[in-house]
């Protein structure tokens, strides 16, 4: 089985050639001594090097944690690769963005209105959470096309707040 | 008059409730925990001898309800209340109610809290003394135009600060007069939310200051000592993340001078118990009184580690009416201590609070390590309370070694389920500015970028990629225990979170 | 000549391997762990930078195989080996092999190990010095009849001790001449098993002695200091369970005298590194040299806590050829420290070792607590290795407070899956003899009965009975996570372990 | 449902009268706030008192652990009680005992032979485990009726070793 693994932005083409055995693009074969621990943690010994890492997913995105560093992880086989490549083509010309709530909280103020033109980094609303007022900023320049929440409304993490563009 | 305390109700939650219960156990004092609806299985409830449900989910319905707290104390026959920090710890009215109910309030008298709690009153009180104050108003301001004029008079940048405030809440820096109005409104709103008091005042903003604070202890017999300083300059959102003692910039002469000023502040309000006098230290080693916190401080462990004292024990003894039993000349700092606060926050994303279930909480151990935590496996970090879940403190004979030990401890510390400030603390411990001791409260804006938290060792990344692929290919879904879980929901999402099937 | 060490292979397992790795990380020295087949997921393997499988299950096939250890060091390019304690730590031949392979052995020279390792040689070496020895043979004896005669000459009770021994292994007390033969055979067998050397010798058995040992440090430039004493009198099966520093019976004068004798022992064998000189102290405050342990001691943390030193760090620095950098007059004990060893043993049943899976291992934390452990949740305690799974150490400004802190820490400590010595340590910390300081090595036979570990508070038992019934009636089998499990097998036994069904 | 709970040798007659509600022999009713934690641990609040305890079974025997104290636990309903009472009657005249291995190990020496009369507390065999020689002693006086193991044999915990009487 052939895979493309992207970790921390670095891409690796790897082939699973046997139990816990990997072949890299250069043809080198490598066995790994891998055992699961608890809570999605694994202990790996590669050669003599010892690693403990954790895997988790959040909102469908995969991550690997190593010594408290969280690294984005993407593992695709040949089929996945084709599909995601096609998606990528369509995404090359982004025209807008959904702004989601970064955490649960209360919408204390909305600073923009529908139709308004905003700059990248401009505060669009104020979210109150954990006794702090947090400004939510626009990820890009554009026009506010839709506001899905109102003031004093409680929102959950990742709730859709408004759309730019 | 000595009044022995037999049972203490701890009017708090999380790590500080656990911290207080630990000392009570060592003193043979019984403890009563209180808990909100979501805290039924929290560590402080498990550890206390008794536990009383307050009901409610939000602070206002639970840990901020003086009626419920006093009823719980009455029901359990507690003879004292320890407020911890935050919540009602600096609320003079609460302290008064506790005393009126015939209970011991473990803290200063309500009058001292009142004097120091209102930052403008404190400034007024000290304006005649030898304690240096930063330029600014000694009264609160409510009219935005008048405030703007005062700010212009002091000269921008200025700080808008909550009169009833503390801990950076309600504080705004204003560089540009054009931003003043919005900043003042935000400050007033936050102050109203956090303290139920929207009054603010204006103070000169010092460029590149260090935040240095002195721990003081004062008994009811007139003895006041300081336990040296804590350096608290590494802050995000005006809240401390890393603290240490001693500070790497204080000379013995400056330490003595500032210590003297700190005890003078305590004497000025007839202080009793453990308190902290905060100063700003500018680039020319001039210091200015900032505020006095009339309670135990989050970062008190670094002082405990360099003095050998248990500050909660001292608080209780003082509240019982005992004399301190030692004076300033008996005290000498021993070694160096550093504290890293573990917040459930994402340092990759503006330190925004993260919530969710902590699947796994494994603390470091071994020589010179202390962990004060309120978290256990499976516990929920909710939006209702402060995101600080733990404190990691290291001690060693000198600063260099205490830093090396902290690096080791941070690497050992494992929290799964929520993002934390652990990687940020690793960044700090490895940064040349921190290591050299040459840094100020702008450390984050001067040196930190989220991408600096990423790994750059490609050989390491390559090995981890191999590990990840094998883990997913061979072990995923093999059994319930091994399946790859979502971080926010412990149950396995069957909708193909991982697309790869076992061979 | 200074030879900087870059990578250390730790030829050990469990808590001491973890302990050594921690200091290496703080020093920026790379680490190599080694592991037997059953130790693949052990903590030391997870924490080290590198890990090499030794294969085998028993010690002889793994941690005792010098060939495998040297091959692992060669493979990983380690430049030094730290032996820890036990296993090959006091094996002169191994130390020699390490040196011959061009590696640094972190410990004394093979000749010093040889001189002190053979207890009879050590006694001979010191017989001309000012160091007092207990009456007994200076040669080993093999003929049982001759040995019996010698014993009669010294006068019963006597001790039969392994020449190659240490740590109580192979030791037998004989009160009655009729028991002598069986005791000597048992001692020889145990010595053969533990050390591969069946030689034994006879020593006068002191009634009611205290076990007091001195930690020494010696560099390669002739500086020898002692780091004060450790009191190790609470023992079961001649093995220590509770240790503390300082001892509550030593006067400053006696401390100085014994410390001087300890450094003299170290000088007599040209010692280098960290070592321990053990003495017996009788009821008249006369002390006798018992043996010198030429390695790091299990109980070294109590000395670390009262001196602020990291003994593993000092060992490594000395092995690199660094001078100590301080002398005896620079050292002063600070506060009081106590260690409780957590053995997987059943104190209700003659301290017999217990085996099984550790379901849950939750360590205490907070002020003044240190835990050195090699255990993680889910780990198997097997019959192949020493049953000690963890060490709990507390520090405070004086003995009374250190005991109070230990009581609190023991109560917080939770191990599920195997029986441990934790309740026994709780018994010790609450016993008047221990609290008063008036106890000797007979503490267990004098004061301990298993039934004293039982609870006697009937109101408490009544409440727990109510709790247990509700737990079983309402929660049993509700979900996988809640079902009542067998302690030895984590899987639920479906054969009606609990007969009660949910209503 | 009526139960007899025996804990640490103390006996309690309790009736389950409602969810987490118990009635004692004296008729008093008591509610208990009980929640399960991890690893068979429970947190109980009775009145205002807070307790954490663990339940486990070993070889069919039940135990409760409280602050590291392990207390024997027996919970019987009316039916169980009747059965165990009948068993008890037969057990009132014990005539012998099975000696079981207290831990895994190697039988290094057997100190008695079949037919031999032994005293209570007399060493009957030596078990080597964890590098220590441990003497296994007879729990009562009697005659060795059967020896089920031989020297140099490996045994597991609770293996039957020999019988007295």
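The letters A, B, C and D name the chains in turn, as written, and every chain counts its residues from 1.
Quick note on the criterion: a residue touches a chain if its C-beta (ideal position, glycine included) is under 8 Å from a C-beta of that chain, and two chains touch if they have at least 3 such contacts.
Not measured: the values here are computed from a predicted model.
**Q** Could you name all chains that are in contact with subunit C and with subunit D at the same time?
**A** Chains in contact with subunit C as well as subunit D: B.
**Q** More C-beta contacts across A-C or across A-B?
**A** Most C-beta pairs in contact, of the two: A-B.
**Q** If you average the CA atoms of subunit B and of subunit C, how far apart do the two points sit, in angstrom?
**A** Centre separation, subunit B to subunit C: 39 Å.
**Q** As a quick test, compute the distance in whole Å between the mean CA positions of subunit B and subunit D.
**A** Spacing between the chain centres: roughly 49 Å.
**Q** For subunit A and subunit B, what's the span in angstrom between their mean Cα positions?
**A** Each chain's C-alpha centroid was found; their separation is 31 Å.
**Q** What are the residue numbers in subunit A that touch two or more other chains?
**A** 38, 49
**Q** Can you tell me which residues of subunit B touch two or more of the remaining chains?
**A** 411
**Q** What pairs of chains are touching here?
**A** All touching pairs, sorted by chain label, are A-B, A-C, B-C, B-D, C-D.
**Q** What residues of subunit D sit close enough to touch subunit B in their complex?
**A** Residues 33, 35, 37-38, 43, 45, 48-50, 52 of subunit D touch subunit B in their complex.
**Q** Which residues, counting only subunit B, touch subunit A once they are in their complex?
**A** Against subunit A, the touching part of subunit B is residues 169, 186, 189-190, 193-194, 237, 348-349, 352-355, 359-360, 383-387, 410-411, 413-414, 416, 419-420, 422-423, 426, 453-455, 458, 460-475, 478, 481-488, 493, 497-500, 503.
**Q** Using the touch definition up top, name the residues of subunit D that touch subunit C in the complex.
**A** 1, 3, 5, 7-8, 10, 12, 14, 16, 19-20, 22, 30, 32, 34, 36, 38-42, 44, 46, 49, 51, 53-58, 60, 62-71, 73, 75-77, 80, 102-105, 108, 126, 128-134, 157
**Q** For the complex, which residues does subunit B have touching subunit C?
**A** Against subunit C, subunit B makes touches at 18-19, 22-23, 25-28, 47, 301, 304, 308-310, 334-335, 363, 365-373, 396-397, 401, 404-405, 407-408, 411-412, 480.
**Q** Of all residues in subunit B, which touch subunit D in the complex?
**A** Residue positions touching the partner: 32-33, 40-41, 45-46, 48-53, 75-76, 377-378.
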